[in-house]
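Worksheet: one structure, shown below.
When the chains are written out, they are named A, B, C and D in that same order, and each has its own residue count from 1.
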Amino acid sequence: GAVQTDSQVAASASDSTAEAVEAAAGKDFYTEDIKIAFLPNVIGDSCAAAWADGMKAYLDTFSNVTFDVYDGEASVDTEVQIMDELINQSYDAIILQATDAAGLAASVDKAEAAGIPVITCNLDADTTHTALVAGVDTEAGEAMANSIGESLGGEGKVVIISATPGATKGENIDAGFKAVLSEKYPNIEILDEQSGEWLTENANTVMNDFLTKYPEIDAVMCHNDAMAEGAAEAVKAAGRLEQVQIWGCDGESKMLDYIEEGLCTGTIYTNCQSQGASCAQMAVFAIESGITAKNLTSTPVVKMAPVIVTKDNLSDITEDMRW
Amino acid sequence: MSELLEMKGIQKSFNDSPVLKDVEFTVKQGEVHALMGENGAGKSTLIKILTGIYPKDGGQIFWEGKAVDINSRSDASKLGIGVIYQELSLIPTLTVAQNIMLGKEKAIKGILQSNKMKLDVEELIQKYNFRIKADAVVETLTIAERQVVEILKALSENSKLIIMDEPTASLSAKESESLFGIIEQLKQQGVSIIYISHRLEEVYRLSDRLTVLRDGVRVAVLEKEEIIPEDVIRLMIGKDLSEATASNNLRVSDKRVLLKVKNLKRKGVFKNISFEIHEGEIVGFAGLIGAGRTEVMRCIYGADPYDSGEILFEDKPVSKTISKNIKAGFGLVPEDRRNQGFTPLLSIEKNIALTNYDTIASHGIVNRAKEKEYGNTMVEKLNIKPGNSQIPVGNLSGGNQQKAVLGKWLSRDLKLLIIDEPTAGIDIGAKDEIYKIIENLAENGTAVIMVSSDLQELLRVSQRVIVMRKGEICAEFSEGRITQEHILMAESGILTKGGNEDEK
Amino acid sequence: MRQENMRRIISVASLFLMMMVFGLTSSSFFSMNNMMSILRECSINGIIAIGVAFVIITAGIDLSTGAIVGFTSMMCANLLYYYQLPATLIFVIAIAIGTFCGVLNGYVVTRLRVPAFIATLSTQYLFRSLVFAFAIREGGVITNKKITDPGVLIMGGSIDGIYLVTIAFVVLAIVGQIILKKTKLGTYIYATGSNQKSAELSGINAGKVKWIVFIITGFLCGIAAIFEIGRIGSVTTDLGTGLEFEVIAAVVIGGCAFSGGRGDIFGTFIGAIFMAVLQNGILKYNLPTAAQLVIKGIVIVVMIIFDSVYNNIMQKRILQKARELDEAAQAEEVA
Amino acid sequence: MKNNNLNIKTIFNKSQKLWILVVVMIILTVLQPGVFLTFANMKSILLSISIYGIMVCGTIFPILLGGIDLSVGAVAAAAGAFTVVQIVNSGYTNQGVIIGVCGGLLLGIIVGLVHGVIVTRFNVPPFLITLATQNIVYGVAQLLTGNNVIACMEPKLFAFLGGERVLGVPFSVWIMIFMALISYVLLNKTVFGRSIYAVGGNAEACFLSGIKSKTIIVLAYVASGFTAAMAGIVLASMNRQAIAKAAQGYDNFVLTALVVGGASLMGGEGTITGAIWGAFLVGVISNGLRLLGVASDYHGIIKCIVIIAAVALDANIRYKKSGLQKKSLFFKKNKAQA
């Protein structure tokens, strides 16, 4: 036989099984057993945990749903491998945080062709699929730029502690942040940018070095809260908390504590539990209705709203919204 | 006879200390040329330069009259130089055949002719009448068998010159004899041989010419008729030696029994081992290689388990833990010096300290001054060269390494010292020193068990000789006079227990 | 020799045992799709493992394989995106880059005399940095572009359900085994690993042998990269991270000893499949990830311990047998 | 003092690669005048290596034995997780901190004990066993944290470990210095240390000399587990949180520091001062590159070159001195000297 790529196999399979899928579509959540899998980029950080919590809370309202969480180990390769596995195990829906949009496209195609709806969470896959519950990254970057620009009065010096180089979310935040600065606040200078690899302790080290090198820093922008916390510790140790604004992104509860204590300035809060719940809702909807990528010409997007949180509006984020 | 090899003005230093100084060395076609010298004189180093293992710092090598550059082992092979190195150079995980053919495999279109090579090797083994299987994996062989493989490897090359660095160090008398036969045969075929050995009688017997090195300097070249033992020894060590005649005054000690071994057995290794050792006595253990002497000693010492039998020390059962036995006064100088005797990277003093922490350290903290003192005392007492106790033992020559290993025990209150092949590969001067040390120990009440394949040494030192054969004690000589022949006959099973009685 | 065969049988048997356990407790395990998935999962690791087995048999180690795969893949993606090179040329370049990385590793290890462990750990940093240097960027921001060249994507494909990468793995494993057992190089690889000093005394250029095995590994990493990009269809900057440890685990589970001189490609082949089966099987139970990790770890630990206990027993047996033969021969001689 | 002088000289003679550190530091001082060579910056370098530095103090023991411990990252994560979970469960009390820290350290000790016992009892390669247990221990860390980030802002006592400063120097640096001192004393002044070097150089010879090599090996892994756990707890305190994937990849850094610092992975060679120097060198490079504003993408290239240069320099000087050198560093010398 001729050599066929996965997508070709998937395409032909989807043609032949199209009807079968059609017939099978529309599972009943109250009589049939439903299996839903969640495959985040990496397990063990607070976002993934909050998403999973949100999903679980929502899915627990149904008695027959099994909900499993897998670990993408921050690697495309592993995610592709696990996607294969999930398809082999015929899950009813997959909620995926795609480590790489392009890299997981083929796997998503394959799943959709097999009649399994894929809902991407936070990070998109580069192909049409059942739904995307988009997080805030570009917008978060923009929001931080606006807040910093405004509070500095359009003039000042900023450093960036960035994600692991090449990470999609980090690159997006960066792009949004820089675009707004160069457009609206040309007088704000980006002094330096170094990677903290998402980690608190690395951000601490990086910030220490920035503080050594630059006698004058007005704000530091971090690609996530964990790094902002690390940076805050460094700034505090240097006794420069008064002069430096520290911004993070995510809105995890520990960050809110830091803001409360005055160690950090602000963060871009996303309600991850509710984002997770939305993913689960989309999955349930897709399973019930039998909608897969075939019925769609482009991926429907659900957007989460970015909330800028500073000490002033901290109390808006109530206890049940914290994660 | 023409000059096959000429080495001129060879110089070499290791870590900035000169080891060879302007050495001249020539070998003629078809001669057996002995290379003599004390431990550390630089013999092995010279050989390694000749065979491209070490680069030389200066000098020239001429082969059949032409200047040559030897930069690697294969350069030497191409010229027709075969070597048996002092330290075995076999690959443990390969078979005998693979080892012998290593570096000269036969292949057609890149695919090895394994069967053909195996047959060739079997033929070779047949030709020289050895008892080894071509497809045995080397790591399953005894040291003696490995030595045989090493010899075969050198023979397989059809070389014009074969260098033998201590080929008999771990061979039994019988296997040595076959080697001598082979050397004769090779000589007939016009092959030259460089022969290095500390067994002087072999050297006198075999060699046509003899070069003596001392401290990296060539001190003499002797023609066959000039080879007079006393002269050679004097040249080697630079002074006269009061060589005691091989004494053979056997006697049973009347002191109290220190060690009693009853019916010791280890399946497949040895059985029916019973003997007694008295205080202050030196008992020699003779036997062919593989007779199981080392194994018995290791069991007594607590290094290996045994299946049945009893070992009593001062009428109390011996512990199976080495450290307890050491506390009770045991000591062991193992046979395989490099792998079992010392830690090569550590200095002499730290090696010596290893067995003496009970006195050097208190509450687990080392007393540095004491450690130094112990090291220096031993270096001085044993005349370890170079006389600096900070040098890693791995950098010493064989003989000095052995002295360092002995040094581990001599500062202890020893009651029983087991020495396995105490002088393998050690020069005559050092040998004598080691014998003196052993005798001294015995005089002070330490019982010494000496396992040795050197019959002369056994006769020279021991007060009793026990002979083992195939894992059993087959003879014991405890009174009267014996000669090397007695032991040889017992070792090969012709003479049985208490054999000296029916001697005339 | 016979012991080696025995060990073989046992390791294959334990593989089958594990497969039976998974098969009986999970309905989808023995499905055709799943079997093919397993073979596919093990293949990329397996291809690299062939080279790493060579390295480990010479008593070396290569920690840079994951980074080489990442770097090679990124170069391919870069050339495809910016220059639209044809697939065949890309393959040649991928292999050339992989091989070059191997040459560099070999150089550092043999010429600069840096121990293999630290050398390849350092070159890992280097190759990872090069990944970023050649990453596709838009406006200074790294973007992952989908690879669309059908000639490249076809490498991730299958014929009648059998993936090309699996076929390549089997072929390369056979070639590897032949090199190891039937050529001079193979013998020299064993000799170098078993006792380098002795090998050198026997006239073998151990440095050259070591260099060659690193080059072979680099070459195979290049091939693996081709299949990797064919399969994933895009290249992220962290592609191949941690791959080196999976590969090493497969090689060692397959019977190659770190001390060198032991093991072969057949064992490595089994080892690679073993790891893939374990990984795949554990995913079947929908266990929490923590439990998966723990079980996976325990199975590997048990395997390693079993292997070592078995080897020790066999070693003793061999000695025993040698002694008995010895005795028999001596008895014969006396008679 | 003359003796002191001699010591420095011998250190540098033994390990020529230390000059690399000096050279790197001089270059950085020239390139970044008034920034690099300042007390504040040195402090921040020390802080950045303190976690690794603490690990190095224990991990050197298995390395000296010719073993290795690849599980230090995992142990750190699990120990940190245990401590934080304890503190949270106890309601952020000081008592909880004490119990948590002791428990975390105990966890490290237990893991080390298991490694040691498996390695000695079954004679398996430590590389493999610690690679495999890494999975298990990370699994434990996941179980403890429930795959979530557990924040722990209270009490002060806990924050002190990783965050406070004493005499202007972060407390974690003091812990590193303290551990290095203990390690130094253990290695150089005690029978245990001597035995470590001896067993690493030749285990069989030590066995025959009556040294309880098995106990030594087990203790070495225990030491490694202990310091890994301590590093993990300090890290948790520094970050005020427990996270299952903490300290991932630290194993590599620890090994780099050790080897750059002169330890041989074959065992028997290496010093704690060297290891700290090694850690410091890598810390200095990263710090220097950041100060120079080199994008983090390219740090690896410089790191690779400096590490290889350091190790190769040492290896080659040693090789040359040993009299075994046949080939020059960069190309084959065809002609021997005329």
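Heads up, the rule we're going with is that contacts are C-beta pairs under 8 Å (C-beta built on N, C-alpha and C of every residue); 3 or more make two chains touch, one makes a residue touch a chain.
Quantities reported herein were computed from a predicted structural model and do not represent experimental measurements.
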Reference chain C; chain at largest CA-centroid distance: B
Interchain centroid distance [CA atoms averaged], chain A/chain C, Å: 34
Chain B-chain C separation of Cα centroids, rounded to whole Å: 43
Interchain centroid distance [CA atoms averaged], chain C/chain D, Å: 28
Touching two or more other chains - residues of chain D: 142, 147, 297
Sites on chain B at which at least two other chains make contact: 72
Touching two or more other chains - residue numbers and ranges from chain C: 132, 288-289, 292
Chains grouped in pairs wherever the two touch, ordered by label: A-C, A-D, B-C, B-D, C-D
List of chain B residues in touch with chain D within their complex: 12-16, 54-58, 69, 71-72, 301, 303, 322-323, 325-327, 332, 334, 339-346, 350-351, 353-355, 357, 361, 364-366, 368, 408
Complex contact set, residues of chain B against chain C: 53, 72-74, 76-77, 83, 85, 87-95, 98-99, 102-103, 105, 107, 110-112, 114, 131, 135-137, 140-141, 153, 267-269, 290, 470-471, 493
In the complex with chain A, residue positions of chain D that touch it: 32, 35, 38, 40-41, 44, 47-48, 51, 142, 145-149, 151, 153, 163, 165, 170, 235, 238-241, 243-245, 286-287, 290-291, 293, 295-297
List of chain D residues in touch with chain C within their complex: 118, 122-125, 127-129, 131-140, 142-143, 147, 252, 255-256, 259-260, 264-266, 297-301, 303-305, 307-308, 311-312, 315-316, 319, 327, 329-330
In the complex with chain A, residue positions of chain C that touch it: 28, 31, 33-34, 37, 40-41, 132, 135, 139, 141-147, 150, 153-154, 156-160, 164, 228, 230-243, 279-280, 283-284, 286, 288-289, 292
